[in-house]
Amino acid sequence: MDKSNDNFLIIDNISKNYGVVQALKNVSFTVKKGEVYTLLGENGAGKSTLVKIIKGEETPTKGDITLDGETIKNYSPMVSKAMGIAMVHQELAIFENMTVAENIFPACDYLTKTGAVDKKRLRKEAQDRIDMFGMDLIPSQKMDTLTVAQQQMTEILRAISAGSKCVLLDEPTSGLNKDETENLMKIIDRLRAEGITIIYISHRIAEVMHISDRITVLRDGEYVCTFVNDEKLKEIDLISRMVGRELTKSLYSRKAYTDTISDEVFFEVKNMNKKNAVYDIDFQLRKGEVLGFFGLEGSGTDSVSRMIFGLEAMESGEVFFKGEKIDKVTTTTMVDKKIMYINNNRKTAGLLLNSSTLNNMSMPVLKEYSRGAVINNKRLTEHTEKYVDAFSVVIPSVYQKPRNLSGGNQQKVLLSICLGKEPELLITNEPTRGIDVGAKAEIHKFLLEAVEKGVGLIVFSSELPELMSLCDRILVMKNKHIVGEISKEEISEEFIMTIAAGGI
Amino acid sequence: APAAEEAAADDATAMKGVYQDLDPDREYYLVSSHQAHPYFLDSHIGLRYAAEYFNVKIIAGGPDAWDTAAQAQALEQTLAKNPAGIIIRGYDASSVDASVRAMEAGIPIVCTEAKPVEGRGATVEGALTFIGLDNYQCGADTSKELVARAGDTGVVGVQGNWGASNTDAKLAGLEDWLADNAPGWTICGYADDKANTADSITAAKSLINTYPEMTAIMGIDSSSGPGIAGAMQELGIEAGTYSVVVHDREPATLELIASGYIDATLINKTAGQEVVAILVMEDWNNGGLKNMPISSDNAAAGINPVPDNMYNSAVVIDKDNVMYFTQEAMPDITTDLYNR
Amino acid sequence: MNRIKAPLQKISNKFLSKNSFKKLLKINGSIAFLMCLIMFAFLAISVPKLFFNPFNIQALMFAIAPEGIVAIGMMILLISGVFDLSVGSVMAFAGLMTAMMLVAGLPIIVCIIIGLLVGVAIGFINGLLVEMAGINPLISTIGTMYIFRGATEFLMVGRSVDYNNFPEIFVNFGRKGFLGVYWMFWILIILVVVFTIFIVTRPTGKRLYFIGGNENLAKLMGIKKRKIRIGAYMISGLLAALAGILMTAKNDAANRYIGNVTHMNVIIACVIGGGSLNGGQGSIPGALFGIIFLSFLQNAFNLFDFESSMQRIILGFVLMAVVSVDGFMTLRRQKELGRI
Amino acid sequence: MEQKSISTLNNKKKFNWTSLTIIILTLAVFGFLWATSDTFFTFANIHSLVYDTSFIFFGVIGFTYLMIMGEIDLSVGSMFAFSGMWLGMLCDWGLPFAPALIIAIASVIGIGAINGILVVRFRVPSMMITLGMMTALAGLSNLLSTNLYGYYYPDAYRAIVRPTISIGGEEVFVLIIIMIVIIAVLEFMLHKTTIFRKMYYVGENLDTAKIYGIKAAKIKFITFIISALTAGIGGILVGSRVAYAAPTIGIGYEFQMLTAAVLGGASLFGGKGSILRASIAIFFLQLIRNGMVIHNIDPLLSQIIVGIILIIAVYLDTRVNKATTV
């Protein structure tokens, strides 16, 4: 590890205001050359804002940035690019219409003598990068033919191949599975060995503790403290500094309700198939039970969740709810039967980002709150306020748009919409994706409260701790079908991973 | 009316003999934009008559909508069929180049209806002759007709499809004549009827509502007549309140003359211009017109012996003669020789 | 080292290599190319005499060249994710400007440059409206379409000057050629080659695709999105002006009707040629093949004396079919990947 | 986390000033014309302007709905021409008026269904599909108009738009009353009824609406039918008014409606729009034309004026919106 003492980056008293919102308040710290420096904090803590400022995409309201000993005026993405700073954005940022090679080198870095883009060279350089990091990509392949994980890896390759001195990674692993994450960790190790500075953001604490040299915690836009990542550092320290209070593990895990599970089959899928997506899917959810689905990226869990809710068509298969066969599985029939779905990406589908929260909450319950076709807006507002209160969504008014809420609050709105329908069955796909531990715990609490009231719950998740704390039974998928079933007693991280990653 | 029909049919068959012996494969074309416009009704009648009369095949081609570039394209591609002659419409200059090449290749062209360059003296480049209405004169005649019907003083509003070249010339003639010959008349306002009956009603209503002192309306587009009358009907104004003089012979216009909303309409001899165009080209092909003794050798001298312009004067239709112009009254010529 | 598993990708790769025909179809613009080939074969076999007639070949060159030139600019815009409905108005307005300067007696080259600069300026205005004022391209270019069509009519109609009878050199620029190919067609060929090379090899050309694919990301990657889009609008304006000037030269007259349907034709052609309103795809040869296909279709209509209204009915359905087939293929590929 | 109770917070719905843009513009032009002309503010003139508005109004209903859905229908102009002439053709073939009307309406619905199914099924841009339909319908209309040369529509057909009723001593066209009732009903429905609320949802984010059981594809499909239907009704009314087949009817209406819908606050990205304001925008365009006649402004300038107003209005709208949404 390169432990040279010169500081690569000095953040000096940076503040950032968005209108009345103060995203960052007088944040100062120093990043050394060649270290992996992690920013940790709840949703809305200001991490993304901070790295955007470092990249020059946002201008701080106040404060200075000193890079490589030089205090920068007139900062911009162009300046930071020239200084060798590259960034992986929190949201997938790729050009779907271009090839892998072009996505790795969007600046068309290699030109022939005549000034033309040197395609051969681009491909070769891209292939070199790909090989260097042991990935299975083809430079000439179009991006829209790749899986999300492959797209994310391509984006990471772009950041580290720009001749960078410093790479900013904002939640790069949110779309990656375990293998891919490990691979990324190796890449980061290697970059560190080359003396490249890494600023890293992730909500996955284990990962953070594995890779970081130092960890800075931000809370509500303020600098809290910096930990040196050594043996003494405990997960619970980080978490408590993030949320500002002690957090016990009990909040996380579900009590054993196994005795309350009846033999009655509540929801059942028989022999569901779809070409290139999944095959032979059979499972039952019993009354009072929480069923989990686990699978690595590409294993087909996402498709199963969407197909049983009618978001994708199945080629064959039958779905039974409370003993009755559902003739046509479409989202409309499912919602009519009070089956709700929490989508894994609230931005592309799940929330109307530009409509009021009131409108969002109204979506599934319009019928309930209207006489004939006429909507009763007053009762709808009451309904919205009730749920917003119950789920402690921090929001100035029901007319606020979700676009202006933080990730955790957006997720709570999403949950409110679904629970507002008073569902009998809730299918959740990554119910706590990319939100901080505090919000995560709250959402788990709400979900389990719903289960206690008799709501059926199926959880699709890529986070094992989440599944382990919520579920009575976990089905593991691999290669597009179900390969194993694990009961509450047998659940252990190692066991699940062996099945999912192909040990058995 | 039936009598007129019989007479026309008789004439056609009676004269046929002269042209029956000629090569039966002669093919003439009418290439024009805006084929779907009702205005073409008269052209079709004329061309049916001409096809029978001259025993020639006639084909109409070109775009149905307003697209002069497509007209030029259709003309150029028609040349590939080496026709005996082509009637073109000179709505604008886009067909001139192709006409020039056609004439150079020995395909006679006659331009009817509109000239690419307005103005009385202007000749049409690349055509034997122009046959059609003298728009400027027609405008003047419109004013003359108005004064004849409505007296020496009055206030008149004018509407038309502003932006079309023939409207331009008509308006100029109309204004000039009034200024020179009718000091008692003033033009109070102008409205755009966009060559469209619905918009024409709106335009006429604007004129009527805005200028209470107005006593007459002139409409110089084919949609003007139905538009003005439609406006009067919608506003509950009785027929005859305004002196209305318009152009063209849309069936609706003729009906409105009969019912008194419109005093008179001035029309082109549209069917005639097409018949004469075929006549000119037939005779050109037979050598008659080609060799008229203007010079010892017209081709060598590089001159066009045919008159440069053959102007129609406008025909006035009013209550007294409208029954001879209605669609039912017109001869029903059927022929296999014309494709419309 | 762990290899990242990519089962789906492997499936799609197998699928690709097995079907080289399908692979061919994936090359942008190849559908338009195939459609051109089919039309060509059809015409060449069914009416060889008419199709290969020099008049017809000339007509095709005249039909393809101006719209082809405009289509290059439109395709560049489509690739970068925007479009321009004002191209037709630019053609008319720039042509009129050049004509006015010629009539005023300025040197030809100056007149042409002024006309081209007018096009560039309007393109610049469009670019500013879209990129700086943030007005959607549909709205902003409809606005400029209205404005410059209106300005053309305003400047031409009712003026006593006729903008025609230009110097012979200028007219020959529109009517004559070299080696049997018209100047405007040479210009088209050169422009297609130049812009294809530009798009395929130059970094700026590539950047158009980045911008069209994901404009926000392109901005973050340091691509000067605004500059490039404004530049693209200026090129589109320039090319439209060039086409307008060429048409003006060919007509030997300024013409207010030039380009009144060009914007629609050109967008249709570009979409047939592989462009997309969503941006990020398309190619210059694709645009050319789109125009050639439409010209062949029109040619077939004209050579077979097709009923003119039927032409548009067929054209409309062809467009709907092409767009639907494209959508269907995209959907199927997504399904095969298990994405939906 | 300390949770503020929602009811103590400011939960007054913020008034959206941009929705007034077109109303203010219209009032300004109206006031200007009133002040500068004696003949403008007369019953006859205002009645005429409103009556003229009522025809294209029908087209703009469906057009605006589609824009709310984030789609566009360029075939509305051709549809205006087609529906009227198709009904005329059916009458000319000797059908009694009532069945002819039913067939004409059914055909129009069928055309909307074709647009809808292609867009929904193949997920292609509606602009291109409806551009194709616009071209095809224009060809069809011309075919019809050629066949209807010289044919005068039967009395039953002509009679549709002619009835008037007496209000305060003045004869008012029933069509105007119908228009006002429809606007009121639609504006109410737009804010208060489930189906129209769902349209906004689908317009803003189709995938989201789907997750909550809203039949997004079906609603979109129906909206295409509504668009064709309202344009078709408008065309039949214009046919009734004009009383014979005129092939130039409807040319350029798609752009007029787009101008009106956008001036009325609709966005090309969907999720926004109002029938009331779009109707006011049509009235506004009528005012402009009327003003040009009143002040004897060269009619050739009208395109330039409309173009400039369109750009300025949309520019202001984007500016003001940007300032208020953050």
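The first chain written gets the first letter, and so on, giving A, B, C and D; residue counts start at 1 in each chain.
The criterion applied here is as follows: a residue touches a chain if its C-beta (ideal position, glycine included) is under 8 Å from a C-beta of that chain, and two chains touch if they have at least 3 such contacts.
Note that the structure is a prediction, hence the values are computed from the model and not measured.
> Select, from C-D and A-D, the pair of chains that is joined by more C-beta pairs in contact.
Output for the comparison: C-D.
> Just give me the whole-number Å value for how far the CA centre of chain C lies from that of chain D.
Spacing between the chain centres: roughly 31 Å.
> State, to the nearest whole Å, the distance from the C-alpha centre of chain A to the C-alpha centre of chain C.
Chain centroid spacing, chain A to chain C, equals 43 Å.
> Whole-Å distance, chain B centre to chain D centre, using C-alpha means?
About 36 Å separates the centre of chain B from that of chain D.
> Can you tell me which residues of chain D touch two or more of the remaining chains?
138-139, 142-143, 146, 300, 302
> Which positions in chain B touch two or more other chains at once?
Touching at least two other chains: 35-36, 64-65, 162-163.
> Hey, what residues on chain C touch two or more of the other chains?
153, 157, 308-309, 311-312 - these are the residues of chain C that touch more than one other chain.
> Can you identify all of the chain pairs that touch?
A-C, A-D, B-C, B-D, C-D
> In the complex of these two chains, what residues of chain B are touching chain C?
So the residues of chain B touching chain C come out as 35-36, 59, 61-70, 72-74, 76-82, 91-94, 96-98, 101, 105, 116-119, 125, 162-163, 168, 171-172, 339.
> Once bound in the complex, which stretches of chain C touch chain B?
Touch list, chain C to chain B: 50-51, 53-56, 58-60, 62-63, 153, 157-158, 162, 164, 174-175, 247, 250-253, 255-262, 298-299, 302-303, 305, 308-309, 311-312.
> Could you please specify the touching residues of chain D with respect to chain A in the complex?
Against chain A, the touching part of chain D is residues 1, 3-7, 9-14, 189, 192-195, 197-198, 200-201, 204-205, 207-215, 271, 325-326.
> Write out the stretch or stretches of chain A touching chain D in their complex.
Against chain D, the touching part of chain A is residues 18-19, 311, 331-332, 334-336, 340-341, 343, 348-356, 359, 362-364, 366-367, 370, 373-375, 377, 385, 388-389, 392, 394-399, 401, 404, 417, 438.
> For a test of understanding, state which residues of chain A touch chain C in their complex under the given definition.
Its residues touching chain C are 57, 77-78, 81, 87, 89, 93-98, 102, 106-108, 111, 115-117, 134-138, 141, 145-147, 149-150, 153, 179-180, 182-183, 186, 274-277, 298, 303, 312, 479.
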